[in-house]
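Sharing a structure, written as structure tokens. Questions coming.
When the chains are written out, they are named A, B, C and D in that same order, and each has its own residue count from 1.
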Amino acid sequence: MILVIPIIVLLLGGCSCWLSASKRFVVCRWIALVAMLAGLVVFSSLAMTYRGGVNGTAWLIDYRVNWIPAIGISFHIALDGLSLILQLLTYFLGTLAVLCSWTEIRQRTGFYFFNLLATIAGISGVFIAMDLFLFYFFWELMLVPMYFLIAIWGDSNRRYASYKFFIFTQAGGLLMLLAILALYFIHGQQTGAYSFGYFDLLQTTIQPSAARWIMSGFLVAFLVKLPMVPLHNWLPDAHSEAPTAGSLILAGLLLKTGAYGILRFVLTLFPEQAAAIASWAMLMGVIGIIYGALLAFAQTDIKRLIAYTSVSHMGFVLLGIFSFREIALQGVVMQMLAHGISTGALFLLAGMLKERLHTREINKMGGLWTLMPAMGGAAMLFTMASLGLPMLGNFIAEFLVLLGTFQVNSTLTTIASIGLVLAAVYSLRMMQSVFLGPLAISGTYRDLSLREWVIIAVLSCSIVVLGLYPQPVMDLVKAALNNIIHHSSGGI
Amino acid sequence: MMPVHANTVLIVAAVLFLLGLVGVLTRKNILFMLLSIEIMLNAAGLAFVAAGSKWQQPDGQVMFLFILAMAAAEVSVALALVLQIYHQYKTLDVDALKELRDK
Amino acid sequence: MQQYLFLIPVLPLAGFLLLALAGKTMSKRAIAFTGTGSVCVAALIAILLCTDYLSGNSGNAVYIQSLWQWFQTAELAVGLTLRVDALSLVFIFIITFVGALIHVFASAYMRADRDYARFFACMNLFVASMLVLVMADNLVLLYLGWEGVGMCSYLLIGFWYETAANCRAANKAFIITRIGDTALIIGIFLLFRELGSLQIPAILDQAPQRFSSGSGAITTIALLLLAGGMGKSAQVPLQTWLPDAMAGPTPVSALIHAATMVTAGVYLIARMHTIFLLSPLAMTVTAAIGSITLIVAGCSAMVQTDIKRILAYSTISQIGYMFLALGVGAWSAAIFHFFTHAFFKALLFLAAGVVIEYLHHEQDIFRMGGLKKQLPLVYYCFLAGAGSLAAVPLISAGFYSKDAILWYAYSAAGGNAIFWIAGLVGAFITAFYSARLVVVVFWGDRKTPVGSPPGRTMTIPLVILAFLSITAGFIEWPHNLLNVHLFSEWLGTVLPATSLRGGHPPEFILQIVAVVITLSGICTGYYLYFRNTAVLAQWKSSRFPAAAREFFFSGWKFDALYNHLVVRPFLFLTGINKRDVFDRLSDGIVTFSKQFNRSLSFSQNGSLRWYVAGVLIGILFIITIQLIL
Amino acid sequence: MSELQFQAILPFVLLAASSIVVILLIAFRQRHTVIQVTGFLMMCLVVFTMWQVRTVLPRALPPLFLVDGFAAIFTGMIVFSVLVVGLFSFVYFEEREENPREYYILLFLATLGGAVLTISKHFLSFFLALELLSVGLYALVGYLRYRNNAIEAGMKYLILAALSSAFLLFGMALVYMETGSMDFAFIVQRLAATRPANSVLFIMGISIMLVAVGFKLALVPFHLWAADVYQGAPAPVTAFIATSSKIAVFAVLLRLSQQIGLQQFPVFTTIFSIVAIASMITGNFLALQQQNVKRLLAYSSIAHFGYLLVAFLPGNTAGVEATIFYLSSYSITLLSALGVITVMSTRERDAEDIADYRGLFWRYPALAAVLSIALFSLAGIPLTAGFLAKFFVLAAGVQANLWLPVTVLVLASVVSLYFYLRIISTLFADAPAAEERKHTLHPFFHFATYATLWVMLFLLCWLGVFPGMFLAVVRDFLLLR
């Protein structure tokens, strides 16, 4: 039950934001902030409680009520370490998203916060839903408000970007729905009990030929979200046009749902098939790493640039997942967290620049360090994080992924490592053309305000802590990952 | 009188029906189109009568009566519309009715 | 002592944090105090550690301090664990001690700069990272330090970020070293795959059992580690970043690009010597790269006109010596050269810095001159450094270390005549440009107006370094001269002794040859640049020497080569695909859909007769289906 | 006729009575308001009676009618739609100059036609009911004769509908000729008794009949009229055509197919698959760049009935359930959407241009919310009835392994997202300066209209989140056969 409360709080908070905004729009951001913090507190306390794990099982909490019993749909949510850590990330970034929208959003504030909170609620639901129907429900639920965030508060080309985002993800989602249905009927015909429950469906044995198709249905949805090259087109547009908080959530959370889906569903429901395509998937991951990096280098729009770095970084996730190694999976989880934080922070910084300079074109920037040393320092930190500097979380992630993958496929890993060099190339280029070099603009610009400073400081601390003391995270997800590996290696 | 085989009548009906269809397709005047449709309806009625006689049932003829009634109702509404069209467009050319379309 | 180990890196780190967070609000005095003080205290602790080690009971003492478990999974446990042995101690000593001197110097040198706090913050962070690098107990932690120093180097090269060229230099440095780093990390992966551990002692223990000598895996690992070292230590072909790195402030060049960071590669190879010993091929490659580098860079150093670039090329060249020594298995000789080189090269850089500042940021040596009278103290210090660089026999530290390397280049198990000759050529070149430097900068006439002479904060470090540049060599004498081998004994607990091959001529002959070559180099420099400058002028006008000079001046055209080979294709590749070819694909679907929509829309033309025809088409279609089935 | 039979037919009698009541009211010169309220109450009464008489179901009234649970559900849906259409009609027609009162006669007559279609089990009742529906509709479409090219729309509808009726009749005649029966149930028996199953005349007859059905449902290739008629008809009538008339025709199609066993004939499954696929593709692609909202809804309805055929194809109970759920959620959705259009329409013209809706959310948040939820429902986004509807259809298709139609369905709905989103993003675009609208009518009627919209919205979400109860009711009723 405790798992539902944060989601309900978010939805109620969202509605009250919407309603209260017409009177006092200052109130609604406080409501939003409190709703997010409530979720953060709940999951932090859960994290403290379940630090050591629960004996004998990876599952910490399990809650279930009937929803549409006629066709075997239940409201079944459960929490394991992986979900818990992603929930923490969700509410953490959600809080920051509220904070960073504090002054950026001046129009239609109430509706904005409603959408923001609803998106977070959807994402939060995705990470704990253990009924495939419910999962799909949340999966779609997060899209609509996100679509509004982009379509209403986005930048000049927002319409195109929001369509593209919605259509791409929805296309994947519908194929997943087909796959879910196929799985449901196969399971039902086998056992006579029709159910969408994840744990029930785990018991299904499927014809290999059918399983391949069903898995690809799931995979498409997740790979679009992840995103995998060449299904990544929606991402640069959506990221660059979205408002700052939108980019933060897109990069920090939405992409993670894809990775989570692969981990939770593809690997465990279709172990043999996943193993069969593993090397192809890893290859696609590597292509993503390199391709994203090359494109990131070519961009001149700062948010687009960062968006392509996401493509590159999520390539590591794909690479790691399909190595089926615990080390690599730990790296994947770390990458999800670290990428969420570092890329999120970069988007925040880009948003702050946009707020000040009213452009995203890096050719029009330059030498901003002189004007905004604190922002420059922060940008340097997160740029370094993004290129995988040790001491910061991303390094642990990429290191573990590559280390784990190397044992499986050293050639691909070696090629993937080139991504580290390319990461340096594009990151430094961005840094140079924005903050370094001769001062390209005139006028006075405010450095970080106190609120921004707090946001950046919190993010910086987290990325450093992740880099220097990732062990609690790894302990927390260990049981969950082993569970996944156990299921997936059942077929190998 | 020689008994006429039902299938023969059916062929006649089919020919009538086709004639009507061709009329609808080729005529440009709305009134003639309506007339052609009447022919088609009557062709169907003829077929019903033939079928009824084939099975020695009155149902075919009953059906024909209903067809006649419905055709009358239809035509009355149609003529009202035709009047309006003539008022508004000053022509009964069906090709004048092209306001509603994809632009 | 062991429990205070962590203080050595943590103090500079704390200095960094303080300066980075509160630097804006601190006075310059406080900044200097924090920045310099943290390193000085660290140096003090390091010296205490050394004395503790020396007075220590054991011949095998290793200090280990485990701070916390960094990360741990089923197969891999990595701790934030510091481990200090004799080899590390040498490095720690140099980093903290020379670092402290340079910090003191910089506190005066950089006083006028706006970003005083940022400078010291980065410098402190650098010292901390470098210390972590040499104190790391496992390869991951080593890699942390390794990347950390790379980042600090980047930050400090681009310290004056408002000049675009500086930023480019910084990027270049970071990216090229990153290439090496990536090789290194792949090497680490390979090691982990083969040995299942990343603890350095464990690796060194298990490697001989796991690998047969010269097997493919170990050679690959060794070569990958070597590539990592080459990137960091600016060895051919990854050397091009270092001359450009001189864009940074001079104390940075002294600390990072002369004394410490660039020798990280040397440390790595020495640290992983067991791996290299198992792979003769990798050893030979190391030596070959060292010898090629020392000549390539030396030639460039001969013709440079910018004082800092001369020193930069000379640094590359001297590190080439170290690699040569490592490659032939002369471990302690390599480290010894690092030891002396740190002193004299730091000294040279700092002195050059004084000169540059004194001449209002003039870096061209041909616009200097006549400084002997104006800056006598600096002159004598520089002379000591240059002498040591040129390896003036017996009275300079450089002689002792270089002599050992040349001797082993010929006589060690991995050595041969070619390496020796390369070393000799290098020695000649080194002596030549050292002489050129002294003669052109300090002798002759004054050509540029001067500023105020340096204060005491700047001169005291110079004097200390000058003293050490002369005397540091006395702790390790050539075998045949004096039986003082303090340094190699010190390292004996960590590094194996160099094995000699049979059939080499007496050491004495080789020494004489080396000395003669060195002296002739000095004389040539003196002759060409002071006694008879006409010869040079004549050369300049003739075609071939001018072309050769141009070739050397541009660093053997490596930059142009990479530009054509890598940079341009890369830019082209990214440029043509800026708009993302897959985006065109999805746009194509959109265009198709719109076209399809338009053609379908055509059927909705409002014509009633066409609609009737539509019904007819439908019927025909249905009938067709019936006929088919 | 026994008492029980009379009870069973009572709702339909009431329905017929309601149009007579309206005629009488007009004769006694009652005001529009009175007629409206009476009509509303009569419709409520019909639904109420339907619920009350469910205990006597199923009950056959040979030879023409069979009142069973299936018919009850469909009639309920039809009458519910008419109820809502009636509510929307008041404000819409009151603002026009023309006399609105006869409108209700026609509306209720057409409704009667639709309702009778659901209980007909004989060609005669089928034909009569269909004609009743059609003739009512001809007049309804052209009702506002000076506006919106209504006459043109009416004429087009009339000619094409009459044509399709002719086909229907001819098809019936062929079947009758072959089997000697016009009762759905007996046709198959006679066919089996007399001839082998693949009789050419029989199959030809049925397929010619399908032309009429396809026409009414606006399935490709008989869809060409839909957009023109939707556009030309008054908005409430459009709602009626889109919901009640299609529900009724689909009901009779379902009954016909159940009784005759259409799905057993490969010819028909092939025809229906191809028609379904073509409808999904054509409908969605036609709507892609459409700027006229009513036309766009027409195209989308073409596609939606294509989707519906996917659930129809398996011909099993799951399919029927899915169909019923789909039809009800679809009609609620379309009623909401067209309700908004009705409310937005002005005296001069229907609000059918997409530009009329620019920034609606910031001017009339409630209207925009209803419209966008309706569009999301059409697009099949969760939390709305449309999602579950699509879900059940997909489930029915997947269960029967209809992979090709199902895949096309998915891809077509992806395409459809584009134009739904296009309207939605228009709703949320920056608003032009809002012009004040004058409300001349009594505020109660506006309140009623808005309340209806809110109820629709609530139903959309309720069906989308908790379909259990509705499904249970549907199952209970379907068992009454």
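Criterion: contacts are C-beta pairs under 8 Å (C-beta built on N, C-alpha and C of every residue); 3 or more make two chains touch, one makes a residue touch a chain.
Note that the coordinates shown come from a computational prediction; the quantities given were computed from them, not determined experimentally.
Here the chain at the heart of the structure, going by C-alpha means, is A.
Chain centres here are Cα averages; for chain A and chain C they lie 38 Å apart.
Chain C and chain D, compared by their mean Cα positions, are separated by 79 Å. Rounded to whole angstrom, the centroid-to-centroid distance between chain B and chain D, based on C-alpha atoms, equals 26 Å.
If you average the Cα atoms of chain B and of chain C, the two centres end up 96 Å apart. With touch defined as above, residues shared between interfaces to two or more other chains in chain B number as follows: 21, 24, 33, 97, 99-102. Shared interface positions of chain C, defined as residues touching 2 or more other chains, are 601, 604, 606, 608, 612. Working note: touching chain pairs come out as A-C, A-D, B-C, B-D, C-D.
Against chain D, the residues of chain B that register as touching in their complex are 6, 10, 13, 17, 20-21, 24, 30, 33-34, 37, 40-41, 43-45, 47-48, 50-52, 54-55, 57, 59-60, 62-63, 66-67, 70, 73-74, 77-78, 80-82, 84-85, 88, 97, 99-103. Partner chain C is touched in their complex by these residues of chain A: 164, 229-230, 232-233, 236, 294-295, 297-299, 326-327, 330, 367, 369-370, 373, 377, 380, 384, 389-391, 395-396, 399-400, 402-403, 406-407, 410, 413-414, 417-418, 420-421, 424-425, 428-429, 432, 435-439, 468-471, 474, 478.
Note for the complex: chain A touches chain D at residues 67-71, 108, 136-137, 140-141, 143-144, 147-148, 151-152, 159, 162-163, 166-167, 170-171, 174-175, 177-178, 181-182, 184-185. On chain C, the positions that touch chain A within their shared complex are 20, 24, 68-76, 80, 118, 140, 143-144, 146-148, 151, 154-155, 158, 161-164, 167-168, 170-171, 174-175, 178-179, 181-182, 185-186, 188-190, 192-193, 570, 573-575, 577-578, 580, 582-583, 585-586. Contact residues of chain D toward chain C in the complex are 155-156, 159-160, 163-164, 167, 200, 203-204, 207-208, 210-211, 214-215, 221-225, 227-228, 266-267, 270-271, 274, 282, 285-286, 288-289, 415, 418.
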